[in-house]
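Two complexes are shown next, each including chain A; its partner changes from chain B in the first to chain C in the second.
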Partner chain A sequence: MKFKYCVLVIMLSLVAQLHALELMNDEGLEKVTGQNGVSLSGELSFNEDGGPLTDTIDPDGVGSLTSTWGACSDAQASRCGARLSVKLNKDTGSQGWYVLDEMKGKISFEGLTIKSREITATDTFGGDENDIGSGMTVLEIGLPDKIKYENFSYNVATSSTARPTDVGFTQQVRYGVDFNGSVNMQGNMLVFPTGNP
Partner chain B sequence: MNKNYVLSALLLSGFAQAELVGLNESSLEDVSGQTGIGINFDKIISIGSFTYSDDDGPSGGDLQFKDINIGNPADVTGTMAHSQHLIDVDATGGLFIDSLFEATRLQIGGISVGSHIGSRSFGQFIFDFEGTNLLQIGGATPSGFLINSTTSLKNADFIWSTNGASFHLDNLTIDRNLTDAVFEEKSIGPTQTALVIDITKYSSSTTVDGVCFSSADCGVGESFGSFSREINLINSQIQMHGGGREGEGLTMNMYFEFDESVNATGDGNVSSYTDEATIKLAKQSGNVTVTGFTFDIGRSEALIGDHVALQFDQVIGSYKVGSLEIAGASMGAFEMQFDFSDATHDTVLYQNKLLLAPGIAFAGEAFNTGNTNFDAFMTNFYSKVTSTSDGISLFNEWNMTADFIYTDDGNSLRVDNYLTYGNGYTTLDVRTGDLSIDSSNSTTESFLAVGVRDYKVNYKIDGLRVGSENSQLQNGYELLGFSPEAEFTMNAAIEIRAGGAVGNGITFDGDVLLSEANFALTKSNNVGVYLDDASYEFHFRDVTLDVDNQGIKLVLGELWSEFTVDDVRFGDKNSGSSLGGLIVKRYQTGSEVLINAGGATSKCMDGTGADAAACGTDGGYWLDTGTEGITIASKQILQKRVGSKENSATWITGRTVNDNGTPGITADDYYEANTGNQLKVDNIYTSDGYDDTNTHGIQTTFSVDVAKTRVLKKTTGVDVNGITGNKGDELISTGTGVADYVYVATPDAAQQANRPTSLVISSNTQIKELNAESIQLIHANALATPTTLIHGVKLQNLNLSSTLSVTPIR
Partner chain C sequence: MLQRIFLTTALFSAFSMSQAELADLTESELSDVSGEGIALVFEDFQIEMKGEVMGGDTGNYFKITGIKDSSANDVSVSIGQYYLSGTGSNLGTALDGKLVNLGRLNNPITIDVLDGNSLSGGTGSWTDKSVLAIAMPTQVAAANGYDCTAASSNVGSGTCSSRPDNADGNGFHGERFDMGYRINREFTDSTKDVNLNFHAQSANMDGSYLRLWGSDSSDSSQAMKMEIQMNFYANKLVFDSCELNGVTACGEQVGFENFSMELALGDAKYYQPMTIDVTDTGFLHIMVQPLPAPGDARVPKASTGTIAADGLEAGSDGTSWNWYKDYYTNGRKTNISVSNLTVGSESFGSSSLQGLQIQYLEVTSHEI
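For the complex of A and B:
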């Protein structure tokens, strides 16, 4: 269960400087009567059966073929998920990469809403209203009621090279995450500008 | 007066070569019991000039056609063209003229207007044809003339030439039937009479074998492709009377209506374009009413000078394509309900008019668009021609409101209350290959040069309505990638060539600048998120368009662009709070786009199952997207930085505002250059995952459908339309109105059949490898020495699929 909250924290922290959370209330609902905006339902799936990298290669050029990337159903392939590598330190020959590795799975949701909204003097946001201010327009992202995860997984690792097919590749998986189940959500995320543009 | 003498003399000389012939026996069969005369007409006609004038002193001017020749196409001034004419009175007492034209050329050496006469023209025009025409003129009841005619032309060619190059419609066939048209003088108002033509029925069939840039026949691989059109009209009318918008001239009112009965079988009213495969606009229907169309010779427009002025008070109607097909597959139906009427916006009156002047008005000019980098491209484009070059210069202005309706498998999507207005200048001319803006192009390949100057465009929509015109207004256009409200000024230099990547097709090169722009990203409740003070400089080379069995294929050659936004505003589009500025640069080569008909594959949502039954058993619902729809597949190959061409994204904040000497007035404020701090994702590029090979890029398949989908209530209670339900209940439609629905805890099969209609967007994105060289922090005091925050980002092996149903917020 704690991993679900980890995801939420990561998602929300990406826009931490730009949003405040708001609980839904009837007053808020009244204000959207007859307005447009959009409600989204659907699903996202990552690498459910692998990605576009499927080649068998000769990594060191001496003739031994390795099937690094392949379909998830391919027992010969050592990996089928997506991989995001980030290098934080300047390359002096010893620094490695932080990696989100083997990302795959499916997320489905119902009722994610998006609309622009002008804040009025009567709106309250748990003490954050002063940061927004009456008359400010925000992008209101209404969180879906439920997010359902199916075999959603990834590893957090450190690696010597960005590509797993590079010469000298070594990797340490720090921890892995595997989601199955649902997360119930409530409230809105408000995105708005602050500071000097 | 001398011109009239010349004309009369030339016509007489032409008639002098005619000779009387005996009646053709087969024709006589159609006029039994009658007698008549037959004429063989061998002619070479040369007219020095022919001038139409509506100059009445304070307004008007001359429209001159010069060097008119009629003769045989082999040698229009040296060999006679032959025609036969049978003239008689048929059994009902009407005049009967049956004509046969052997190969004939009508050639015009130049058409010019007003003060341009003698210096530059619209170009030279040739029309070659052979064929027949049957014209019957009788008495109408109770008054007027009753006219029927049948025209059939074949082996026809139309050639427009300027600057030593030619645009050619090759091998046309033209068939026209006019049935029971009544011509009579009628009163159309308290003080106005007009020639009124009531058209009971009119049918037209046209084919063009090839379109190319050559005076010779279009060769294989040198043509746009072939075109055809079959149109049937009924119950139409044309009114014509003298007097233009200014003084003398011509005024017309018109009504045209498609004959929908022909759509019952086959393609009906249809237009098509064929390359390797065919794009077809089948089963066309609708009508149009044109009020107050005027034709005048105008004077002294600010940039194009004296001109032909075409203007109308209103054009209102509808146009529907019952089936838009690409390579045999149907995309669905499209309809447009439109109203072109004059209107005032921000104290400026926008009228619907088109002004045409001869020559290239901006030839040799040094441009000043406000973007010095782009000015060089425009100046170079117009440096290839001179003030005496032939061509067409246009000024057009418009104001239009419209609704657009797309219907996919019987489910409709309406783009509601589209409003657009604006004005601007365009030039058109045909040039030889050596005048290209791209030195790598063939010097022997002529092309159409299209220049656009200060084209000010404004548009906005209210939103989308899915299901019916009474449905609740919603967003969703953001996911389709278009802005709901925009304004910009466009300058552009574009070259269009015949021939595609494979065989026939179209090739484009061009430079486009959208400046002084404002784009809405999203809006609701009259507020939104806007990209303000934006500029989009866009260049493309060797872009080809072909149609084959896969669909419409664009091979994008080389693209590079820079999109700058001064402010990302929340609230008002010009004064809302700003998130800062953006600069997005793109550089691609070898990218492709493929557009085809047919949307996403039907699938199980929120569950697993190969069909509706299995899906329902698993707790999901079956999303049936039908057979129609739109699918766009693209491959974007992002290249590493080359010179100033790169892929990067920069966010700028903390800039210094210059109040421009008027403190308190923000309208003319601007940000000081080289102030603010930047966060830049630098040198983004794709590769194939192992080395620098770069052929895969970002491959995306994007499908758009309109289909019935499941919508669950988000919270217990009354929704925005006053309908009560519990959290998790399913919305079931009971009608087409905004509040015509109920919430049902467990809908049965009949209720599930009435699920609401929604926009369904399906996509799949595949990336082998996407790289960013670095993410940098750039301080205003150290622009040349950025601080690197991230020393490299690499995304590999991504295969991301999504299916989203888009509905209103209830």
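For the complex of A and C:
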């Protein structure tokens, strides 16, 4: 019973605090400025700590393969990493798949910013700022200074089936990418609406 | 119970506060709103990746894998340097402060959905389809544009909307970019390693686009359809080969001055979209669909749709005959030209390829 009173008192005090909120008038609102924009950093990693591998481990030698926990660097992993399969044909067309296969490693970036910006006469667009641009509000995405790849790799392939475990699987690797190190960038990407669909 | 009362009160107070700020749009305000695509402009842009072998950070490497030599050993293709910057980068060696805008505020890069019926007068393989279009800045009337390949020019000199450095003396770095690769091919036998460098100076891709649309059950191919216009203009393309650091002991430079490439792949108006798909057995299959034969249901005709054996309009179905004439006159064509080919200090003059039309193309990859 005492506990209930306690809850009641806390709630009443919360309601009392809510009373402190009041509608702002237009003059009051005009004086409020918000910090415009956000800054983001991010990291994307595949299989960093390993995962279940079903591959060449066949303990009794009679065919059924066993899953083991391991990292892509482990010797038994002839295939490892994330796989993305896409088919753009209808079911009546040819049945092959585009594949991004064996994606592994890490990508990270720092200092991506997003904010809204009004183009004004003080901006430098070689005269375009005074032409169509003046007064236009755009979304400004400040590109990160560095995009860092850590042993990031994937293969671009074409495949007969979506999964390597499907019946009739064959796959042709077109090329692969293996990146380690930083890509330096500068500049902004401005996004705004256009066109007449 | 008390909780419910409290919650309801809080919700009502929240609603009443926010709703007061919403107001109806008037008719005149609404008429200013239109459905739009997305426009992109890269402002003061530069990107560079550099491998350790060419002076990048320790441990940096950027490799393209999956290539084998004749003995089935892996060949590593490593990108020693890739850059895209403003002009005046001296083949990528002086990138500081060399910035570029890609796209203009009044002529940006666009991602848009187009109405297939409004493209090419409502005929062709995109009839009654939505078309996803990704386009670089467009070409403009010669009175408003700039010469596509000149390193410096003023307004009224050509059809490209991207401006060179300091166009009309505006002191602005413009929308033309320097771009280049320094690539090393590394073999198992390292004595065979090769360096190859490619640079484009004061380049732009105005007028390029990629248009994608789907197929329906009546189409002969069910693959995704596309039409590609790939334009690449550069004041100069430079190829050379050096030591593996990409800069010392370089051989003679091969240069293509005033390089202009307008590659047209697919022509939807004449039922020739390009398709890329993967066969049932996992091989890549690229097609530019064949031009419809006389009599084909898609070719307009007055009666029989036949073309006379002598090929003359007299004796042929006039409507069909004129449709083919229009295809050869106005169909999409590929043009490539170079004003001067140079090797070292030798000049080999100009060369060009004009008006190439693809009537049928089919490529399928095979295992080797």
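Details
Just so we're on the same page, the second predicted complex is superposed on the first by the 114 of 197 C-alpha atoms of A that agree within 3 Å, B and C clash if a C-alpha of one lies under 4 Å from a C-alpha of the other, contacts with A are read in each partner's own complex, and residues count from 1 in each chain.
Note that a contact is a pair of C-beta atoms (placed from the backbone, for glycine too) under 8 Å apart; a residue touches a chain by one contact, two chains touch by 3 or more.
The shown structure was predicted, so the numbers you read here are calculated from the model rather than taken from an experiment.
In the superposed model, A:Thr158 lies in contact with chain C only, and not with chain B. Once the two complexes are overlaid on the shared chain, A:Thr137 sits against chain B while remaining clear of chain C.
In the superposition on chain A, A:Ser85 contacts chain B only, with no contact to chain C.
Of the two partner chains, chain B is the only one touched by A:Ser45; chain C is not.
When both complexes are overlaid on chain A, the residue A:Asn184 reaches chain C alone and has no touch with chain B. Applying the stated contact rule after C-alpha superposition, one finds that A:Pro193 touches each of chain B and chain C.
In the superposition on chain A, chain A positions 18, 87-90, 97, 136, 138, 192-193, 195-197 are in contact with chain B in one complex as well as with chain C in the other.
Contacts from chain B toward chain A in the complex involve residues 462-463, 472-476, 478-479, 522-525, 527-529, 567-568, 570-572, 576-581, 605-606, 653-655, 689-690, 696, 699, 709-712, 714-715, 717, 719-721, 727, 766-769, 788, 790-810. Those residues of chain C lying in contact with chain A across their complex are 2-3, 6, 9-10, 13, 17, 20, 34-52, 56-57, 59-67, 99, 101, 104-106, 108, 110, 112-115, 163, 167, 170, 172-174, 215, 217, 221-224, 277-285, 365, 367. Residues 8, 11, 14-15, 18, 21, 23, 87-90, 92-98, 119, 124-129, 131-133, 136, 138, 143, 153, 155, 158-160, 170-197 of chain A are the ones that touch chain C when the two sit in their complex. Touching chain B in their complex are the following residues of chain A: 18, 24, 26, 29-30, 32-53, 55, 57, 69, 79-91, 97, 108, 110-111, 113-118, 135-139, 142, 145, 148, 162-163, 165, 192-193, 195-197.
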